[in-house]
Amino acid sequence: MAESLGVGPRMTAPSPLEQMDAGLRRQLADGAAALRPWLVDLRRHFHRHPELGWREVETTRRIVAELTDLGYETISGRDLLGDTARLGMSSAAIPGEGDTGCLAIFDTGRPGPTVCLRVDIDALPIREANENHKPAAEGWASEAEGVMHACGHDGHIALGLGTARLVRPLLESGRGKLKLLFQPAEEGGRGARAVVDAGWMEDVDLFLAVHLGLGVPSGTVALDVNEFLATRKYAVALEGRPAHAGKEPEAGRNALLAACQMVPALHALAQSSIAGVRVNVGRLEAGTALNIVPQFARFEFEIRAGTNEALEDLDLRCRRLVEATAQAHEVRSVMELRGSAEAWRNPGEMVTWAEGINRATSVYEHTLQDHPFGASEDATVLANAVTADGGRAAIFVLGADLADGHHTPHFDFDEDALAPGVHLLGALIASALAITSGEARK
Amino acid sequence: MAESLGVGPRMTAPSPLEQMDAGLRRQLADGAAALRPWLVDLRRHFHRHPELGWREVETTRRIVAELTDLGYETISGRDLLGDTARLGMSSAAIPGEGDTGCLAIFDTGRPGPTVCLRVDIDALPIREANENHKPAAEGWASEAEGVMHACGHDGHIALGLGTARLVRPLLESGRGKLKLLFQPAEEGGRGARAVVDAGWMEDVDLFLAVHLGLGVPSGTVALDVNEFLATRKYAVALEGRPAHAGKEPEAGRNALLAACQMVPALHALAQSSIAGVRVNVGRLEAGTALNIVPQFARFEFEIRAGTNEALEDLDLRCRRLVEATAQAHEVRSVMELRGSAEAWRNPGEMVTWAEGINRATSVYEHTLQDHPFGASEDATVLANAVTADGGRAAIFVLGADLADGHHTPHFDFDEDALAPGVHLLGALIASALAITSGEARK
Amino acid sequence: MAESLGVGPRMTAPSPLEQMDAGLRRQLADGAAALRPWLVDLRRHFHRHPELGWREVETTRRIVAELTDLGYETISGRDLLGDTARLGMSSAAIPGEGDTGCLAIFDTGRPGPTVCLRVDIDALPIREANENHKPAAEGWASEAEGVMHACGHDGHIALGLGTARLVRPLLESGRGKLKLLFQPAEEGGRGARAVVDAGWMEDVDLFLAVHLGLGVPSGTVALDVNEFLATRKYAVALEGRPAHAGKEPEAGRNALLAACQMVPALHALAQSSIAGVRVNVGRLEAGTALNIVPQFARFEFEIRAGTNEALEDLDLRCRRLVEATAQAHEVRSVMELRGSAEAWRNPGEMVTWAEGINRATSVYEHTLQDHPFGASEDATVLANAVTADGGRAAIFVLGADLADGHHTPHFDFDEDALAPGVHLLGALIASALAITSGEARK
Amino acid sequence: MAESLGVGPRMTAPSPLEQMDAGLRRQLADGAAALRPWLVDLRRHFHRHPELGWREVETTRRIVAELTDLGYETISGRDLLGDTARLGMSSAAIPGEGDTGCLAIFDTGRPGPTVCLRVDIDALPIREANENHKPAAEGWASEAEGVMHACGHDGHIALGLGTARLVRPLLESGRGKLKLLFQPAEEGGRGARAVVDAGWMEDVDLFLAVHLGLGVPSGTVALDVNEFLATRKYAVALEGRPAHAGKEPEAGRNALLAACQMVPALHALAQSSIAGVRVNVGRLEAGTALNIVPQFARFEFEIRAGTNEALEDLDLRCRRLVEATAQAHEVRSVMELRGSAEAWRNPGEMVTWAEGINRATSVYEHTLQDHPFGASEDATVLANAVTADGGRAAIFVLGADLADGHHTPHFDFDEDALAPGVHLLGALIASALAITSGEARK
């Protein structure tokens, strides 16, 4: 970045542009309002065609088509992630799987910051409700058996494409570069790591990400968000030696028993003076037949912590515990990372900036202070990568009334929340890229 | 039974009929030899069409057909077991399933003992080998995907039908009644209990059962067999309460964790001064998602012991352990019996008798003494039911060279072992029913 | 104040008497300063003669003597706690043991509130350091082998007696009643419960307690204190059945094994969304001989939580876990409460009042805001009893520089911290009892 | 006998000397009968003065005195075991402790075998009963508080000294060499290993050991003894890291919890097709205070097996389990052997020989066949050392009615069993050393 930044972070936080010119304010407001029907259509399209993480092939195709229409350069599939490791994706993926996600780029050609807005695009392995459920009643429920956009990522795609459309005509007047990231495989904390590893965050000066709903009602926005929990998800495979349980039990090396020793020991590691420390073995499967000393066991667990340091400590203890307990029972163990997210809290100056923009544009009436996220989100991996490199980052929660909780079959959100989201995101980008209206330039 | 038996067992062991008349000896020897090709054909038929326990529908149909042809009265399906509980059979069985097994009866009309020969008819969930394997090479391998007669029960059916055919013309000269039981669902220790509960053993004075192979070579027979291990098989289902593992772990009641506490505790119960005491948790499956405190767990375990008393003690301890540990973790538990077998050793007088018959008929050259069975077999349930009621019983191992171990994909046995088995079984039945040859009656 | 006792809380918080009359302010300041040498002597006396909880016999004798000299009515020993259960005291206590602690009372005879100041008097089972340690160097180290005032309760006694002496001449001008409680057996959370059960808190309108040090430096006071953790301490005794481990292991019921199952299960209960939830099995002892299945096991554990409700929930789960796991292993269990403390945070109006008094009297230069106690203290039991009954309560931390951490052999505190403590306590009591100086009354 | 030592076993079993000359038979019978009062006095002396293993100082002194009187060369204390490691003896032993045990030697000066008779001399940490107990009633109960000859080793010493006295006058006529070993520290399986390591078994051609009682009644002897269980006894010490359990639990490394994970895992290793496999954690002690994450844990366990090979396998699994589980919990572990014994069964030719001698001398009326020892005895270490080196060995059980079980406070045995024991032992030694009576030599 520009040498002008001297020492310290390569970019100072954008200053609140309460003085954002009136013409621009009007363009953003009118543009966002006009997008409403299109945003709803888009959202419902993606809602009908949900795809699981690393399998968002048709989703990606549609996103690319829209962005190309709008005149963005797009990078997707293999070109996006190449041979980067994709956490939690089976190595036996069908060809084409994993070649998902899209990055749209617009370079103003003028010096200035690189600003990245990230939305996530994957769905969940949940069977959508077909009674007392608006998508079903109105005919736009999931057409993919057992797969559902039950977390609102369909809305996130609409927000991303809507913002792309809103700011596109304004970008010529700005400075720097815009990156719109449609990230695959957020659920389980998988996709963000691949994006970082592929290098796409290296030149980003300002990173923004959003999530809809999460208990924040329509008309309200949470900009001052903290307590994103760091997390890692693991799959452990154990292999012992089978034996006839009646005739020669001593010849067996019992993988099921080894796993059963690990589970309470892992849980006992969760006591900590650091808030948010958790261990959960969420699945376990072992053994084949009643009369055989079990040769195989497989379990999955996640750890969480309120700080990355505490997670790192816990991670080391868990690894050692699994590995050495396996040795204690003479079984082989393989422990594989399946997903991760990091701890995060929006920095004060980013909060101040975004609050200023929201005031200047009057998008959200209410603003939450000191709002705890209380869960994990893999945009944190992107945010930390950017800040580690001297950039700035923030993750916001855009209010949207919900029909039912996230990750439930009756989940749905207030579609009227889409246009305000696009409005604020457009204004934040305009501010960051120093966009001015034609009027202002006059 | 007849009051003439006075005190004690209602039937004394048949005396070794070394003086068995020469005509009868010849009839049995010639008859058995002539059956060889038919026995092999039958065995191969059943080998091609294996059916799992409680699903031996076509198997039963063929057995009934053969026995009817031979002039036996047969009872099968619903008429055999009615509404008797069938261990380990899903209550959601398709109609007709479970209506398997057959009992053939021939009543001489003259006073005398009721003699029962039992063979078992079910196959195993094993995929048969298709290389280096005679059934595959000769075209009579299993045609049922993933199901295989890998324990020799196809041969047992042939032995049962062969014996039925061998003794049929001789029965008119005998006394008492013959019952030939083709028992379903031996694997896992399930069918015998249903037969006893349905009352078919109540009038049996002499019970015989056989198993082929088990390490005893062709040309050898083990009549003096002991150390049949008592066993019970259980399925345990646990239900706790789910909760978000990150946000409210204290609200969950963890069924996976409860199961993991039970497993080593169950294993620790296996120390005993009684030989053969074992505990094996053979399968465990629990939990659904990484971030949910697991609501459900399910595991299966078996216990074994060298005596029925030791098994009963162990059983009580296991039940208490499962139930109370579930309470300790505030999860509900259901523990369901899935199968059982009992301890057994052939009584000396039965051994002496059978050895006498073998000598008289010169069927097997070698006879093993003090032979430990070392595993479990549900014919023991029938044998104990008969002796508890004052009758006599024995379970023999008929030698047969093996291609590979029982319960393996390459299992096969020497088909030349079938005719000698039929020969000895015919002679034992002839002795027990006091059959004489036409010559002797002259 | 009296009429305000009608509805709701029987006493409103005393109002900050910044207008405290100048004569009184001077009397308190001069009086406290003059007490310094006497306070140090007293503290060193008790430091030399430490006594463990429920055994503070000589300690109590000296306290009673001082208070009687000052003209207080005192109640001590049997008269204080009678037959009230004393947590954690062996029933085989030597006569006289447990008859410890003292309550001094002064009744002004005029209507007004009952104000209680509580200090604790017991020492710890720690061997005092004899090198690099001021008490040893100056000749006033512990003379009781293996017992040491390593938490500052020697200072607390001095604070209590000093306050008694400071306010005594002023009491005649006040209203209401003063109770000075010298509580036994605070360590392990035992004595306060007995005091409450004996009824001594029933008429208390305002309750005050203090602790020295705890990381708060000399010259600083923490009045706005929160996060006192609720805790309970338990001793669990298990009794199984012994057996020769080689000859008849199945006859044993293994208390050691049962205990070992409980420990990780207890630890696994500590995950919670409530801060401060902890489980620690701190001691375990089981078994007698290598070749005997262990008949007895005994362990002690503590639980903690940031709220009384969370502690109660955890307590129920632990009890159920211990009891049912014992049943699972067929051992008998007895779980005995050995100590407890409750959650607490000083109410805002009490903090405001005390801050006002401190400002008015200029005792402490620095005042900590929102100070987390982060540990457990059984004065909380008294404080909660008083507030449950409509009274007011607060527990303060009086700054004192430390030589080493509490509960360590090198623990020592800055004795210059005693006089300021007496000064502030005197002022608080004067305010609460509406004491005025002679000057003011003129 | 000498030339047979060339190839293979260096000594063939002595042949049953049913033809033992009548004079010798009479000398042995008369001599043994005459010793009865002296044997009882001796036994009672040792019963009154029991000493624990490695502390048999006074016991050794008396044994040496008696043997010296009889004209044996004796080696004892330091001269016997030197600096040989003594299992289970604290390294902080008081000087002189451990310098216990005695070996008496008589060399005939003529070529012949070296015959060793071993008895054990240590007592148990048991408080002797003082009611309903003959030693108490008659005034010869233990005078050492909490120490008791509750296994009969007092009788064993008397048997050893009695045999020394009986055969002494006959030895001149024999061939070869006699060694009488009074072994310390048999309880816990400790002393025999030290004797072997010191080399005293190297030249032994025939080894004999005996135990009184064990359920074999007076008048009966068990010569055909098998199922001596191999055993090892271990002490495990774990060291973790302490931490305040409330304030910083994650800083602790919990030795108590690690131990609790090991215990059920060790117990779960005991399932085996080999008879007699056992694991018992007999003692566990851990932790210091309720609010400290336990830094230390210490436990003792024993393993047993019916064969030395099975013990070795189990031993390896236990070591690995302890070491790796400690690593899993990040605690250090030290596992120390505290005692051992080996598997053993008396060889047929030794049984035949001893039965012949018993018949020839008519000492015991009844002889048990195929008698299972069913426990552990460290004479097996000596026996295996001798046979590994080409010698012969046997361990016999001499019948003696018991007042109560071994290792109980009311244990006592029929003192009339001592003289027959001496009689048989004398005859066996006479046979082995080819002793003849004066008459025979005439």
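Lettered A, B, C and D in written order, each chain numbered from 1.
Note that a residue touches a chain if its C-beta (ideal position, glycine included) is under 8 Å from a C-beta of that chain, and two chains touch if they have at least 3 such contacts.
Quick caveat: nothing in here was measured; it's all calculated off a predicted structure.
Peer 1: Taking each chain's centre as the mean of its C-alpha atoms, which one ends up farthest from the centre of subunit D?
Peer 2: A
Peer 1: B-D versus A-D: which interface comes out with more C-beta contact pairs?
Peer 2: A-D is joined by more C-beta pairs in contact.
Peer 1: Any idea how many Å lie between the Cα centroids of subunit A and subunit D?
Peer 2: Computed from C-alpha means, the inter-chain centre distance equals 71 Å.
Peer 1: Where the CA atoms of subunit C average out and where those of subunit D average out, how many Å apart are those spots?
Peer 2: The separation of the two C-alpha centroids amounts to 57 Å.
Peer 1: Please report how many Å separate the Cα centroid of subunit B from that of subunit D, as a whole number.
Peer 2: So the centroids are 49 Å from each other.
Peer 1: Taking each residue of subunit A in turn, which ones touch at least two of the other chains?
Peer 2: As it turns out, subunit A has residues touching two or more other chains at 247, 249, 257, 261, 264-265, 267-268, 271, 278.
Peer 1: Which category does the touching pattern between chains fall into here: line, ring, star, complete, or other?
Peer 2: If you draw each chain as a dot and join those that touch, every dot ends up joined to every other.
Peer 1: Show me the residue ranges of subunit C that touch subunit D in the complex, using the header's touch definition.
Peer 2: Touching subunit D: residues 188, 229, 231, 233, 244-247, 249, 256-257, 259-261, 263-264, 267, 276, 278, 280-294, 297, 300-302, 304, 338, 374-376 of subunit C.
Peer 1: Quick check: in the complex, which residue numbers of subunit A touch subunit D?
Peer 2: It comes out as residues 247-250, 254, 257, 261, 264-265, 268, 271-274, 277, 310, 313-314, 317, 320-325, 327-330.
Peer 1: Looking at the complex, which residues from subunit C come into contact with subunit A?
Peer 2: That would be residues 264-265, 267-268, 270-271, 275, 278-279 of subunit C.
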